[in-house]
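Next come two complexes built around chain A: one with chain B, the other with chain C.
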Partner chain A sequence: MSVVPSFEATPEQRELLVIYNRADRIFRRIVTSGALTSLILLGLIGTFLFVRSAQIFNDRGLRFITGSNWTAGSGDGVIPDDFSIGPMLTGTILVSVIALVIAMPIAICGALYIEFYAAARLRKLLSTLLDLAAAIPSLIFGLWGVVLFTSFGERWSIFLNSRLGWVPFIKVQAEVFGRSPFVAGCVLASLITPIITSVSREVFSRTPRDLIDTCYALGSTRWGSIKTVVLPFGRSGVIGGAMLGLGRALGETVAVYLLLNIVFRYNFRILESEGGNIASLIALKFGEATEYELKALVAAGFVLFLLTLVVNMVAATIVEKSTRRK
Partner chain B sequence: MVQDSQTSVATVSASQTTATAVRGLETKNVHAWFGKHHVLSDVSLQFPERTVTGLIGPSGCGKSTFIRLLNRMHEFIPSAAMAGQVLQDGQDIYAPDVDAAAIRLKIGMVFQKPNPFPAMNIRENVLSGIKLAHLKVADHDAIVESCLTRAGLWKEVKDRLTATGGSLSGGQQQRLCIARSLAVEPNVLLMDEPCSALDPGSTLRIEETIKELAEKIAVVIVTHNMQQAARVSDFCAFFLTDGGPGYLVEADATKKLFTNPRDTRTADYVQGKFG
Partner chain C sequence: MSTVVSNPQSQPVAPQPTTPWKPTRKTQFTGAFSIAVVAIASFAIVLLTGLAGIDGFGLTFLVVFFGATFVRTKRLNPKARKDAMVGVAICAASVLAFFPWMSIFVSVVVKGAKGLQPNFLIENMQLTTPDDELNMGGAAHAIIGSLMMVLIAAAITLPLGILSGVYLTEIRGRLTFLVRFVVQSMSGVPSIVAGLFIYTTFVNYTNSFSGMAGSLALAVLMLPTVARTAEEVMKLVPDDLRSASYALGARQWRTSLMVILPTVRSGLTTAGILGIARVIGETAPLLLTSLSNNSYVFNPIGGPIGSLPTYVFGLLQIGTENSINRAWTGSLVLMLLVLVLFLIARYFGGKANR
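The block that comes next holds the complex of A and B.
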């Protein structure tokens, strides 16, 4: 005799209770407070910056971002205060993008070499050195970069100008090179390449081995399997690494401060000897700022803070989208 | 059945080596090492075309190492080394002037875990090998249909070729992987425990596929499932290890190996007394 289940009577559903025991309760509190701490810190920083700079945004509105002057007034009202960060904001983005454009191909190629081409012992050595390099303070990189790239960068700039001078953003007005956004970008690129390489190598190394083997078993070359399996698999991680690097580049102070002639004029010609970014502006003006100017500097910091938040959110969205497609 | 069931595949007589080369795959005195660790010793076997050969034996006896030697996948493991010869239609695939990628194109492989390329849909998965090896093919649709048909999957997926491979069941995914291997038209298909992650229904379906494939090509299959070896293979090779390197105990027609083996250890193993 067969049993036919009855679906007519619907039993009352029971509540599924989760009861944590003592150890779990304590541990849960510890980890929760850890998670909250970073959130609270972020909130406090944001609030501090906003409160301290509210007056500036109130006084100047959007002009603070779009204007292109940074003039401290005479104090008696004859020459009014005029603070805005337009050129520094575009300069921040320009220098960081240059750095990223230079660093990304180097980092991806380097990571692929270490993971898929280098001999086993060399691979260990290289990845250790790379992690070390990623931990070097940016100040050291800045000083080193300034010494090295002022001479190299000038030669590269002359070369770029002679070959690609017809491209609008590479053209220069006067043939004076060095101390340009391009050279600053080169220094930043060398600063962020190790961290991007390190993160990329890590994600590439997690590619499922059997997928790579499958490519080989289909008669693929090493490059073929990298293109088919490794790069799609590692894409979101590489973007994540790039965003870490971009975060460092956006906030980088010393290298830009030492390298660029900080000039308050919109400049998109990357070989022109003028530029600047928000962080270097703050470093330059902070020491002798009036009380009102100080607020303007904090406001500039607030804009930088928002910029990095937006960049990271965009990155997170890209990462999420590219992983969801799988 | 083309092959005479009495032919022993294990012993290579002197006359055979000097006379006509075996159509299909053949190994001569193959050894394998990982570093200083000797894992496989002196295996000589033949895999003629239009046959299915099962490789059986307990875990750790070198079956997987051996099958990866057959299409030069062995060398991807760091510190891997080998000795002996693997001949495809009489040509040594480890000869210095041989392009390993070209060898793997002709000797395909299906892995234990179904692994369609995650970033590709069903159709792209089938065609992936053609793209990877830069083969010139006139009619892609025809390839997709014929390969999926041979792998026994066409009827189930013909209306959703643009769905991702991951949307299929485990058994369907494995058949997709078989179709993917077939698209580059290999002469030999190596299968390393292709059904161990699948349910019995899918397993039977894949065994039918294997038999159909063997009408054209040579199939070599590693399996831990004695019934599967008995059902699907024409010849069987029994591997064993005594703690040292794995070695070949005996190889024969499957029927003979399962009913009247020469070695008592073979009899014990196929009857499930150990392993």
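The block that comes next holds the complex of A and C.
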């Protein structure tokens, strides 16, 4: 005797037909305008930053992006103002890419561990702690990086330099380590790892159970089922999480400010102790900036805004796609 | 005609999914045993070879463990062997993933506890230099300033976040996709850009740095979190509730305001608290909007105001031993605040799910 319940008697829900009266229409209008605030706000941020810095873009054009100097003029015109963000822009990307390259594999493994390897009780504890970790202020990561991590980073840098010195990106000119893009990238990696881990874990936990069970039933090992089912299923979600992490790393201010010597020179050697990013440049120069320099800082902020906006829109699209499919 | 027989007395029991990957007692025991053996072995190696520090130990541990697994699985078939090796790799990488923030939790507590004396919570820094002994001066002004700013920010953000939640789940107008997309991408606006935005608008027009400017900058950062959490909790309201309300003749506005919103009250509390937890540690926007102050400021538009993040940041830049210790204590208080907020959120969140 089968025990499958019958659902044939369940009537189908009919289409709801709502006619809005005046009160409803007013309510809908209020709510809509409230919901549009975020849209307007985003527009306002872009507009104001652009309007305030238009003079810079007008004066300097593309040189603002490509140039490599940040010199405040003497005011009487003997030394002209020369503001451009080239090294900071490349520095931003360099540090974030280092962070992402380190964080990605670690975070994916962490998510797999929590979801498929840890015992049930440990899994609950770890995912709770993970949420908390994702909320640690970046300032505390910076403090931890400066006081505790730098010695490790220095040791690893010396090791990398002596063993892998033949790689062009790694060789240093002066044998001074610490406060390098590599160390800052490591700290940023530990800052974005909880975010990527928790997004990935979320996606992995949505893998259809029957698929995993089928794998096991066909004689697959744990790694076999992860490789053939879990990872392909979660790929776009993980990529979305990584983009979110990247966006966070691109805009990070205080951790980079505390961990890097901000030097205005193009530097792609990751162990050299100079670098910087746009956000830390703004924090550094804001205090004693002249009016024209402030405009340049706002312009730098505008460039950063556009950069992160593009990254986040791509991330939002990917995440949206991957969650809708379920 | 239904050919399926269903017996009302014996309701079919839905089969509970099992977790085939769940470790058994035996594997747990052998796992713990082999970890202990490998730990002792690698400790011996570290002592003998003089590798430095905890990272050297970790590396040795990993190499020895890989070797041990390689030897142990010699008789198994290649697939099982690969599975075991990958398992070790994943566990090792996840240790790397968890180590930094666990280290942060521990070090903040250990290093911060030293300075967590009563005076830290009730005095300000007006008459104390950062270099003074830890039993003088405190961060009361910073705590008050921080709380004031996040509360104002929450008061601004919460209504807007709830409205956008209602829009996304109840009204579902033409712009639903766009609003959701914008909220998503706005959550990635760098905090310093939010600070710059408020600087170029509010600070420029009022001509002064103030707590209000700081609150506005924090509100910009808080809005996406609140809006998204509000949407998530309102999505959980069962459709039956809406249908029932409509069936009783309630209009949409009454359904939304008097049925849906009261149902998710605790969820909305969670949304607000998560938003506060997200921004309470933000430093960068405050550096451009509210600056810092060494004494009490209770007026949100009365000039620069102290806050915990800028307090810690300022101490770090001084860099003497006592000021760094103070910074750790400030971080500890900040972490405790975030923790308490999370516990409250979890409490309310648990209530909502019941």
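In the analysis below, the second predicted complex is superposed on the first by the 277 of 326 C-alpha atoms of A that agree within 3 Å, B and C clash if a C-alpha of one lies under 4 Å from a C-alpha of the other, contacts with A are read in each partner's own complex, and residues count from 1 in each chain.
One rule holds for everything that comes next: a contact is a pair of C-beta atoms (placed from the backbone, for glycine too) under 8 Å apart; a residue touches a chain by one contact, two chains touch by 3 or more.
None of the values given here were measured: they were computed from a predicted structure.
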item: Touched partner set for A:74, first chain B, second chain C, both or neither; value: neither
item: First (chain B), second (chain C), both or neither touched by A:66; value: neither
item: Which superposed partner A:251 touches (first chain B, second chain C, both, neither); value: second
item: First, second, both or neither for A:261, with chain B first and chain C second; value: neither
item: First (chain B), second (chain C), both or neither touched by A:229; value: first
item: Chain B versus chain C, judged by how many residues of chain A each one touches; value: C
item: Which of chain B and chain C A:221 touches, first, second, both or neither; value: both
item: Partner chain(s) touched by A:290 [first = chain B, second = chain C, both, neither]; value: neither
item: Contacts of A:120 with chain B and chain C, given as first, second, both or neither; value: both
item: Touching partner for A:213 - first (chain B), second (chain C), both, neither; value: both
item: Set intersection of chain A contacts, chain C complex versus chain B complex; value: 120, 213, 216, 221, 224
item: Chain C contact footprint on chain A (complex, rising order); value: 1-6, 8-9, 13, 16, 18, 20-21, 23-24, 26-28, 30-32, 34-39, 41-42, 44-45, 48-49, 52, 105-107, 109-110, 112-114, 116-117, 119-120, 126, 128-129, 131-133, 135-144, 146-149, 152, 155-156, 190, 193-194, 197, 209, 212-213, 216, 221-224, 244, 247-248, 250-254, 258, 279, 282-283, 286, 297-298, 301, 304-305, 308-309, 311-313, 315-317, 319-320
item: Parts of chain B lying in touch with chain A, wherever the complex brings them together; value: 71, 73, 76, 78, 101-102, 104-106, 108-109, 111-113, 115, 117-119, 128-129, 131-133, 164, 166, 177, 180-181, 184
item: Complex contact set, residues of chain A against chain B; value: 120, 208, 210-211, 213-221, 224-225, 228-229, 232-233, 325-326
item: Complex interface listing, chain C residues touching chain A; value: 2, 4-7, 10, 12, 17, 19-23, 28, 52-53, 55, 79-80, 82-83, 86-87, 89-94, 96-98, 100-105, 107-108, 111, 159-160, 162-164, 166-168, 170-171, 173, 175, 178-194, 196-197, 200-201, 220, 223-224, 227, 243, 246, 251-253, 256-257, 277-278, 280-284, 287-288, 309, 312-313, 316, 324, 327-328, 331, 334-335, 338-339, 342, 346
